[in-house]
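What follows is a pair of complexes built around subunit A, which joins subunit B in one and subunit C in the other.
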Partner chain A sequence: MATAVIETLDPKSRAASRGMSDIAIRNLFIIPTIAFLIIFNIFPLLYSLGYSFTDFRASTNAPANFVGLQNYRELLNDPFIWTNFSITAKYVIVSVTGQVVVGFGVALLLNRDIPFKGLITTLLLLPMMLSMAVVGLFWKLLYDPSFGIINHVLGLGTFEWLSNADMALYAVAITDIWMWSPFVMLLSLAGLSAVPKHLYEAAAIDRAGSLYTFFRITLPLVAPILMIAIIFRTMEAFKTFDLAYILTSQPTTEVISIRLYKMAFQEWQTGRSSALAYIVLIMILAITNIYVKYLNKVKER
Partner chain B sequence: MAAVKTGAEVAGNRIAIVAVLIITLIFLAPIYWIIATSFKPRNLSTTIPPTIVFTPEISPFVKLFTKRSQLREQPTQEQLDAAPWWERIVLEGGEKVVRDGKGNVQWSAYPNRFMNSLIVAITSTVLAVGMGTITAYGFSRFKVKGEADLLFFILSTRMLPPVVVAIPMFLMYRAVGLNDTHWGLILLYTAFNLSFAVWLMKGFIDEIPKEYEEAALVDGYTRMQAFFKIVIPEAATGIAATAVFCFITAWNEYAFALIMTNRRAQTAPPFIPSQVGSGLPDWTVIAAGTFLFLLPVAIFTFLLRNHLLRGMSFGAIRK
Partner chain C sequence: MRSKLTGMLAGIAMTLASGTAAYSQELTIFWAEWDPANYLQELANIYEAETGVKVTVETTPWSDFQTKAFTEFNAKGSAYDMVVGDSQWIGAASEAGHYVDLTEFFNKYKLNETMAPATVKYYAEYPSNSGKYWSVPAEGDAVGWSYRKDWFEDPKEMEAFKAKYGYDLAPPKTWAELRDIAEFFHRPDEKRYGIAIYTDNSYDALVMGVENAIFSYGGELGDYATYKVDGIINSEQNVKALEMYRELYGFTPPGWAKTFFAEDNQAITEGLAAMSMNYFAFFPALVNEASNPNAKGTGFFANPAGPGGEQFAALGGQGISVVSYSENKEESMKFLEWFIKDETQKKWAELGGYTANKAVLESEEFQNATPYNKAFYETMFKVKDFWATPEYAELLIQMNQRLYPYVTAGEGTAKEALDSLAADWNATFKKYNRVQQ
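Right, the complex of A and B next:
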């Protein structure tokens, strides 16, 4: 990687004759960052790659024994891990779908002349800027079966949200939808405002129905930006930890990050959790790859 | 849109406006509830049905900052008269503020955790934005071999799940004694924000015309002088926006802080939930702590409102 950085640059450039050469400046500006990220992200991952082939436990002083692929084999054959993955998948689907429906819906409503539009938009964006852990905690009070405001307003009596095994995951997803619909809304608004007005005018002249206009003009033009929002939120929902960890301790809300956390820092199965971390990592990198492709595609427009 | 609006369109608009207002109220309700609870007397915080109208008081904030102990009996009039106004509120609630031998008020852990959050968030922001800006300039202005791959590598480090990185980092930090230290968290947050800062700043610097620096170079500036005297001032808004984003991310971060700190360097996000242990938590104090913790972010969100889109899309979408 280092050789990739230290390579040619236009030697005829003007500043090459004065002060530091452009090549020296470029290297000085770029290499420390790359090095820093390698030390803090790549090196640790190599470190844990090594541990993933051992039975190491960080809570004991016992030396690590090399066990080959045993951790990976056992994890992939462990039905409980697959339960964690399917809980995560369910969470991703519920939460991202909710965010897209609410976020895009509100963006459609906002995409017109509305008094105090700027202020309203900013207020709507507030939830996503706040700490998931700290605000999430407060939702415990909102969801409380007896003195929670949610049951009171919805007239649900003493409906159990978080201590109900079937409902808890949805409760976490609802909070997540509250926090992150604004993100989808923000991106959708940008997409909507970029749709050329003359297309709508042309559709109006042709007496196109509003549904036709929506599916043939609005949606296709907003789709690329909406895709960015969906991929990004999918990735974040897949990694989710804070909200589910803070709100409940139901087995039905044990998403993969929580399983990983417990395996690593409560059960201290360092070797095995490193292997699981790698399995998760590969999935994340696959989504990241798609995400960056889309980012660059939208950038080029 | 047609210049003359039809009746249906006007009606549609009105319905949309009403819907937007209702949705806004629903979205703000949880935040309102936090603020309201932080000004409630404790006995009104968990009533059935929930108390919506009440006389606000600031006792939760006094309790948030002090250590208290339960009074066995009602406070006497003399005790009440002798106490400063803020202590009187606590006494009337049946508790007394704990003081040491010299009569100094004992602080709760909250101000300490709040300070930790400030130290960690500010320092990591300065480091990430500083390094991010120069790296972004490097990528923006010079030919870098494998630029797309390097930028992908930089962004991908941001996408790593904290728990995945935390497993090896915990072991490495334990080996070098960085667990539960400010620097341990600062370095982690710097790494996390650095990739973001590079991507966002690259977008801002790409927008500054190259001709500005070239003119300066013709005038005899070195490349370094041109960078500091031309590019940095031109990029000031971008730098400020990036810094606010980095600050908010570090300020809000939970998973690393939970794993890497427990007392000395613990920040507010893992501390605030830890108050809800077994038994009945005092939600008014938690709400007060939450309110003060959220306040800086709320203010920053307003300052940042025109840059939110850009920041949230890693600089890919500009208005």
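Right, the complex of A and C next:
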């Protein structure tokens, strides 16, 4: 570790003059955070784990009965749930790939001296700052087959983006790409500007081609920070709810979080939905772990 | 450390406890966000002027009405004194003890004699035929149809229609005629379409739309007393009714796959469709020139009959229930006593509410008040509803899952969809020990 840990209080400081020990100060900072985490994160997490083994329904007064692994067994055998998972996987792949390609591409374009660079970067970040629900409502209008501007500009007539079962998921993904590419762009831009200039100069002296420079210098050096962007976007895309829920109600866009919402708050199957939430949690943990392992490997290079 | 934590928890508890002060002279009614809720607020203002008790009608959009109401019930919250809840909630809300038992109130004021029978049966009584009542019918509602009278009465259209189908163009009396007229007016190249129907699968829209066909075709969703579904939900009539609904979907405007009352009214106001299915509660906007440029050319008809001559419509509407966790239950009962008086019900109808009061419904005055009141009166005596069992939400989602792909994308056949639905429903009823096999 490069940073030195402060082990003792400066005897001349105000805290020391009030007679507070190091331990007291440390506790003062840490305990509220720990308490907050325990009350609002860890406790509900464990509580819902308990519920996931029962047939509890929050909408009735009936007591919760312990049913063992029944919820998990039935959920994992439910073909509708598996459809929801495969829809989610497809959505994550399309959406994250799109964001990385667009975001990184725009970052490459911006990574040079151009006039109004700051202003352009800020304007490009705007979609990210909007609320998901607002973006959903706007894009619903943009996609409208009768008066939407997208069909008008592309000359697609009355092409049904959201009512077409095969297209709807891509339409949602396009909206998500529009909204979150700036996030990938921002992180990539930070990574790109940190690449030492002398490496490019050395490559130029060696007469390396631009493709070679990109794959041998730019990409490897930006990779760690790009990986972080991908981890964030994958987790977010995996739990997408608002956009898909607002834009369309096609069964082909029912991602797992929509199914979970319906199960928990429309059907009030509290126990079963807790189990489903745990299945989703484990999946996200597993995927994130793969990425983190890869990230560490990239960093070691 | 322990004393610090205890202190903090005590502080949190104090804050929570001080937030629940009671107001004796104020009542809150929870309902969905739509015009009738505004009319109810106007009615409540009259009550305030008479008694000094302030009644507030709090609303939320339809899409999260159910979620919000049940979240409050489940938390045993006292935020709402009364709720104008959907008819299918009644099983869930009464079995869980969220609603106050109104049986005594009902019998004392003989509401089953003064209110339209269908509203008593579906808004108030649970379980069916038990003689136990949980709400006071407030907003009667059912599905009816609006149509472009000006298109129907165009001599050229009339002539062309007669030449093609062999009978006169007029508001359809049967579903077969409905289909013909939808086909006749469906002209995508002129940006005119045949028909607007419900297709949204996020709550009960699509199901209500299909119910209109099923009930008029003489079908049922199941036996509400014995929970038998196989052979009933997938009966021959129901298969035919569902096939008809799928066929009608072919004559809807483009992108008609997530539509409910707002879109169906738009179909008329934007001049998109010749006929449109909607709840009567949304018709006031169609006769108002400010909200419908085609108001003068808009007419209304009741849900047409099926091939066997049977004629029913899907029930909408709600009753008012008193919430068990309210701190003003007595005041709420007083409000209900006032609400059911004949003169209040008359006022309610005048304001735009759809009364369930038989005497008001039957009066000439009511039937001639608007172009659709007569159709409403006729419909309210032949309505049927969805399951009201506590697990209705699961049944609804299963029905959406099975029917939506068939209706909007033509996946599989109507028979397959309904057979699978029968299996899903039976499994659900087995899970809750309502049936054994």
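For this structure, a couple of remarks:
In the analysis below, the second predicted complex is superposed on the first by the 267 of 301 C-alpha atoms of A that agree within 3 Å, B and C clash if a C-alpha of one lies under 4 Å from a C-alpha of the other, contacts with A are read in each partner's own complex, and residues count from 1 in each chain.
As a convention for this text, a residue touches a chain if its C-beta (ideal position, glycine included) is under 8 Å from a C-beta of that chain, and two chains touch if they have at least 3 such contacts.
For clarity, every value in this text was computed on a predicted model and none was experimentally measured.
Of the two partner chains, subunit C is the only one touched by A:Thr60; subunit B is not. Contacts of A:Leu69 after superposition on the shared chain: neither subunit B nor subunit C is touched. In the superposition on chain A, A:Leu285 contacts subunit B only, with no contact to subunit C. By the touch criterion defined above, A:Phe265 reaches both subunit B and subunit C.
Using the contact criterion defined above for the overlaid structures, shared-chain residue A:Gly19 touches subunit B, although it does not reach subunit C. For subunit A, the partner touching the most residues, choosing from subunit B and subunit C, is B.
Of the two partner chains placed by the overlay, subunit B and subunit C both lie in contact with A:Ser146. By the document's definition of touching, neither partner reaches A:Val101: not subunit B, not subunit C. When the two structures are aligned on the shared chain, A:Leu162 is found in touch with subunit C, with no touch to subunit B.
Using the contact criterion defined above for the overlaid structures, shared-chain residue A:Ala202 touches neither subunit B nor subunit C, since it reaches no partner. Shared contact residues on subunit A (touching subunit B in one structure, subunit C in the other): 58, 144, 146, 265. Residues of subunit C touching subunit A in their complex: 1, 4-5, 8, 66-67, 70-71, 73-74, 92, 95-97, 188, 191, 200-203, 253-258, 272, 390-391, 393-394, 396-397, 401, 404-405, 408-409.
Contact residues on subunit A toward subunit C in their complex (touch as defined above): 27, 31, 35, 58-61, 80, 144-146, 158, 160-163, 165, 248-251, 262, 265-269. Within the complex formed with subunit A, the residues of subunit B that make contact are 1-2, 13, 16-17, 19-21, 23-24, 27-31, 33-34, 37, 46-50, 131-132, 134-135, 137-139, 141-146, 148-150, 152-157, 159-172, 174, 187-188, 190-191, 194-195, 198, 214, 217-218, 220, 222-227, 248, 251-252, 254-255, 259, 268-270, 272-273, 276, 283, 286-287, 290, 293-294, 297-298, 300-302, 305, 308-309, 312-314, 316-317, 319.
Across the interface of their complex, subunit B is touched by residues 1, 4-5, 7-10, 14-15, 18-20, 22-23, 25-26, 28-30, 32-34, 36-37, 40-42, 44-45, 47-48, 51, 58, 106, 109-110, 112-115, 118, 120-135, 137-142, 144, 146-149, 152, 178, 182-183, 186-187, 189-190, 197, 200-201, 204, 225, 228, 235, 239, 241-242, 246, 257, 260-261, 264-265, 270, 273-274, 277, 280-281, 284-285, 287-289, 291-292, 295-296, 298-299 of subunit A.
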